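Chain naming follows the written order as A, B, C and D, and within any one chain the residues start at number 1.
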Amino acid sequence: MTHSKCKVALLHAAGYAGRELARILLGHPRVTIDTLTSRTFAGKPIWVAYPSLRGESDLVFTAPDDLDLYSIDAVFVSAEHGKAAPLLKGLIDAGYDGAVIDLSADFRFRDPRIYNTWFGHTHPAPELLENFTYGLVEIRAPYGNDSKWIANPGCFATGISLSLWPLAKNLSRFEAAVTALSGASGSGTRPTATTHYPTRDGNVRAYKILGHQHLPEILQILGPHADIAFVPVSGPWTKGIWGTAHVTLPKGVTAGNVASWYHSAYGSARCIRLWPNALPELRYAAGTPYCDIGFVERDSKLVVGFALDNLLKGAASQAVQNLNLLMGWPDTMGLFADG
Amino acid sequence: MTHSKCKVALLHAAGYAGRELARILLGHPRVTIDTLTSRTFAGKPIWVAYPSLRGESDLVFTAPDDLDLYSIDAVFVSAEHGKAAPLLKGLIDAGYDGAVIDLSADFRFRDPRIYNTWFGHTHPAPELLENFTYGLVEIRAPYGNDSKWIANPGCFATGISLSLWPLAKNLSRFEAAVTALSGASGSGTRPTATTHYPTRDGNVRAYKILGHQHLPEILQILGPHADIAFVPVSGPWTKGIWGTAHVTLPKGVTAGNVASWYHSAYGSARCIRLWPNALPELRYAAGTPYCDIGFVERDSKLVVGFALDNLLKGAASQAVQNLNLLMGWPDTMGLFADG
Amino acid sequence: MTHSKCKVALLHAAGYAGRELARILLGHPRVTIDTLTSRTFAGKPIWVAYPSLRGESDLVFTAPDDLDLYSIDAVFVSAEHGKAAPLLKGLIDAGYDGAVIDLSADFRFRDPRIYNTWFGHTHPAPELLENFTYGLVEIRAPYGNDSKWIANPGCFATGISLSLWPLAKNLSRFEAAVTALSGASGSGTRPTATTHYPTRDGNVRAYKILGHQHLPEILQILGPHADIAFVPVSGPWTKGIWGTAHVTLPKGVTAGNVASWYHSAYGSARCIRLWPNALPELRYAAGTPYCDIGFVERDSKLVVGFALDNLLKGAASQAVQNLNLLMGWPDTMGLFADG
Amino acid sequence: MTHSKCKVALLHAAGYAGRELARILLGHPRVTIDTLTSRTFAGKPIWVAYPSLRGESDLVFTAPDDLDLYSIDAVFVSAEHGKAAPLLKGLIDAGYDGAVIDLSADFRFRDPRIYNTWFGHTHPAPELLENFTYGLVEIRAPYGNDSKWIANPGCFATGISLSLWPLAKNLSRFEAAVTALSGASGSGTRPTATTHYPTRDGNVRAYKILGHQHLPEILQILGPHADIAFVPVSGPWTKGIWGTAHVTLPKGVTAGNVASWYHSAYGSARCIRLWPNALPELRYAAGTPYCDIGFVERDSKLVVGFALDNLLKGAASQAVQNLNLLMGWPDTMGLFADG
């Protein structure tokens, strides 16, 4: 029954996360894409922005100013950090009362002061923050019945938080030394010096060393007893994040303990795959909705490794998991071949 | 005797060709770099622009406006197309009378109308064109004794002209169907949509199909009896150009004829390597001052292949060959380990 | 109704084409994978061979010797060239009477002498050749009612034949000069000197110049009035083939004629996308079941470009199109999000 | 005076390290390559093994069995681990008394039991171990006057030891959590599953997690008060190693202390470049004889980063530094444009 499908709007959808959202939702059995907005591509068919989808949809981009959310059940917002908050505040003030899944950082923090400290600006709608649920599915779901606004987690934050969460739950205090490398699609569609091919090819480059804005996001999830040193790195590939976390285990904690914590935390989570006594390879996670997590212990030194597609589990497929949860469906609907 | 070294200035030297020129000339036994100009890096040591050279030189960039060519023996100009002509006209009007090696397209053509047709602007100093020598070394050298201004050839033009020249000399008429792929360094240092890593990685993309501005340069060398269809292509790597030219041989021309034409044309050219009965691989030419040329014949179908480093034989090392020739030295001085 | 699903077996399924077949068929609405064989992975779950599919299927590889085709409706054979023929002859002799889709070259030619000339061996079952349909869907379908054995086309042959077919239909004679580059997945899963990362990275390398075994396959489709010079090339990427064909148009043939020929030939073919006045980019075709074809004309010189994923339209997704056709379903069932 | 040049032999020189050694030594002002051995390439000119050097040398490979070291001043051995020891024992037993620079691991350890534990075999010539100098130039030089045999350090060991040495000298105890990624040239010329292009492209993969054989090498240099957790990783590029080491600084140690330790340790080392308050990028070190080291501190968390070319500072150029030192020349002779 087509009329019963969930109607969604994708706002600021011309970027990479928007493309992945469109691709997934075109195949989702219970969703129909009603609207995509883009200032740049307004009036053009979606394949002009995403040529790989040419032939698969007749959808046309709408100008942001022509947006009409009447009869829309859910919106996904893929605006840049700092632009989603005023946009969503406007929609809510104008009466929009459907579901919201915001892929930006604008509603990820409970404490509005974090925006001043880490993002360099005052949050324009701090009163909305407490109504957003931080949508790290495998840790935070099931959500409360009144959840209808989701702050979709950051890509690094998803990988690091999921891979350290079983330790955070079971250790009273721990330090983790994290080095995580991201492909170039994580930087978005706008060309910059660090995504210039001659600069990126064959290169590895750290940035925001010990000071990346995903750090407070990670600590908000893991808790203040987690002490994280995080070095984000740009690697010479397009898709996916791969990282290691080094942890020294407290006396008495065995490899067996660690394994049981991970299995217990994620045993039934379809979008997490555990690789005990190994670290996952990036290529198996790239292009999938999985976060792969592995762990290796030797002489009380533990290395936890993780791999995920920054545009999927780190953005679009996790956003679809969140839509599914808000709608009361299985969280993986539309993400796998079996439905 | 240091005081007898040739003093050179590198103008607009902060790009990739400038970096390669600086790298080569720092090791040249008879050249000293006196000046490098860059608006962006004025006052900064060269390693800020070329970090790989950190530790190898104390040179500091000069602002273009502070340029002083008193006592300079030769200038290399790496300005963008359209910017070299007014710059050089200014220098010449101001009395500079040393050697000039211009790496832009601004003085490559004898016929000023080509600038209107192919570059979309009227040439600002057409009276200078006839005094420039087109510096395709292995075809045009030795130059006349009065040559002191060189128009250094384009990268595609170098590869295509060198690889087809023996045919042009020996056939009264021929058609060549050329497909040539370039790495991303050929697009310069400025990030653009086509050099954005997620766009370039794993991608192949043609552009200016049958209409690239190197075509008139090629025809100026080969002559009007050459009929060239040229498809330039962007490939997913950084260094080097690799291409094929398909030619149908006239009746009676054998593979043996073709081989003898190539050996006769280039037998003593140090910077050309012939690969008979093979097409050259890109990796052997990348990073070297060679243009590698190969050819394979079957049933009167001939395929000529070529490979060269667009920044070296296609720009900087060819420019050094040209300096060497202007100074009366062996053309390869400073390009090889043996001097 | 699960019991009505088509049951298929994937033989020698541990390679890249087998992986893509398994991935597609796991999501096909009317197919169920009954059996996968692999000598190397016998007894192991499929994710050991294809880790990216871990979590999506519990299938286990069967040893080839344990193969039981009772109740199997169709087999896909992904054996190496030369190994599929004896395997299939054995199955047929043993009474297997279901559908066959062979991805090797072993049944692509009507004339058994081609195996001696191009593959260096005598065909072991020449009597079967006439019963195979060459499964180049958009040219050869609909198949005869008695077709049940399909020789799935080669990857280069698919791209070149599809892109030149409209010319072959409409010109009494034409020459095409083809240069086509393939990613490394086309070489299969076995490591070799030419797929060694340091050898392939940043490199371009031609091979079997003017003598590739896909040439007779192309001529068998296009006809003897097509005269093709084909240079196959290895490029530095994993997925996809990209190529150009240069053709000199006969007098009187216009760009408009050419465009109408292509639209007429492929207007309703879902798996072909035309890009008039452009050449397709590889990245839009990679990972899709499309063959993208573009064409540009200037002064009677025509360049036709094509791009396809060698493992999909060049192997697995075309094989699924063929299964669909044999079963009487729409040819694209299971290949797109909309079913 | 050519007759006074140092004559060297490169044994088992057909691999990547041999190629880099040959390339460097062809340009070395005081060295002449007398002999290169290779079983595979015996009788062939060196460009067959290293086509990029075609045109630059007429040297021909000698079969290992035809080796004649009479009048040879120094040998470089690039044999695989386990094969250099019997080879060198044979040469020494046969009376060879010139300099030796062994690039394998066979003479890096003083304690022969390490070969049993980490390499799985008993050392065939333990009596020679004490006569080898571990050639980590910037830490171990000047060598004793009687040094003439050098064990050239491993590539990971060079980067990790050099980057942690200033800490090891100044802290009574410290832990470092190291994640270091290597390009594919580190795996040598033989194709394997992990260097297969489709496997390596876009992939990141850890191996020998917490158990790499360079670990005892590192500890032998740094001392037992260093506690190192090391995760070696394969990255998708060809040249170079890039890594991070996380260290928690003891109370009272400031960023200023750390900076002064590094400057003091390496202030005059030409082949080490320090990047204070930054981590080095891989691309600036790749293709150079440098080990680049950077460090960033925040709240007593220190991250040390390093980058080097595994075939140069991690093998061939360090070997040339060692030759220079044995000969009493400046260690960087032949490595830089200025001599």
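Going forward, a residue touches a chain if its C-beta (ideal position, glycine included) is under 8 Å from a C-beta of that chain, and two chains touch if they have at least 3 such contacts.
Bear in mind the structure is a predicted one, so any value in this text is a computation, not a measurement.
Across the assembly, the mean Cα position most removed from that of subunit D is the one of C. Of the two chain pairs shown, B-C and C-D, the one joined by more C-beta contacts is B-C. Centre-to-centre, using mean CA coordinates, subunit C is 46 Å away from subunit D.
If you average the CA atoms of subunit A and of subunit C, the two centres end up 36 Å from each other.
In terms of their C-alpha centroids, the spacing between subunit B and subunit C amounts to 41 Å. Annotation for subunit D: residues 183, 201-202, 236-238, 281, 283 touch two or more other chains. Shown here, the protein chains touch in all possible pairs.
Residues 175, 177, 179, 181, 183, 199, 201-206, 209-211, 229, 231, 233, 235-240, 242, 244, 246, 248, 278-279, 281-283, 286, 296, 298-299, 301, 303, 305, 307 of subunit D are the ones that touch subunit A when the two sit in their complex. Across the interface of their complex, subunit C is touched by residues 16, 183-185, 189-193, 195-198, 200-202, 236-238 of subunit D. For subunit C in complex with subunit A, the residues that touch the partner chain are 23, 26-27, 51-52, 54-56, 201-202, 270, 273, 281, 283-285, 287-288, 290, 336-338.
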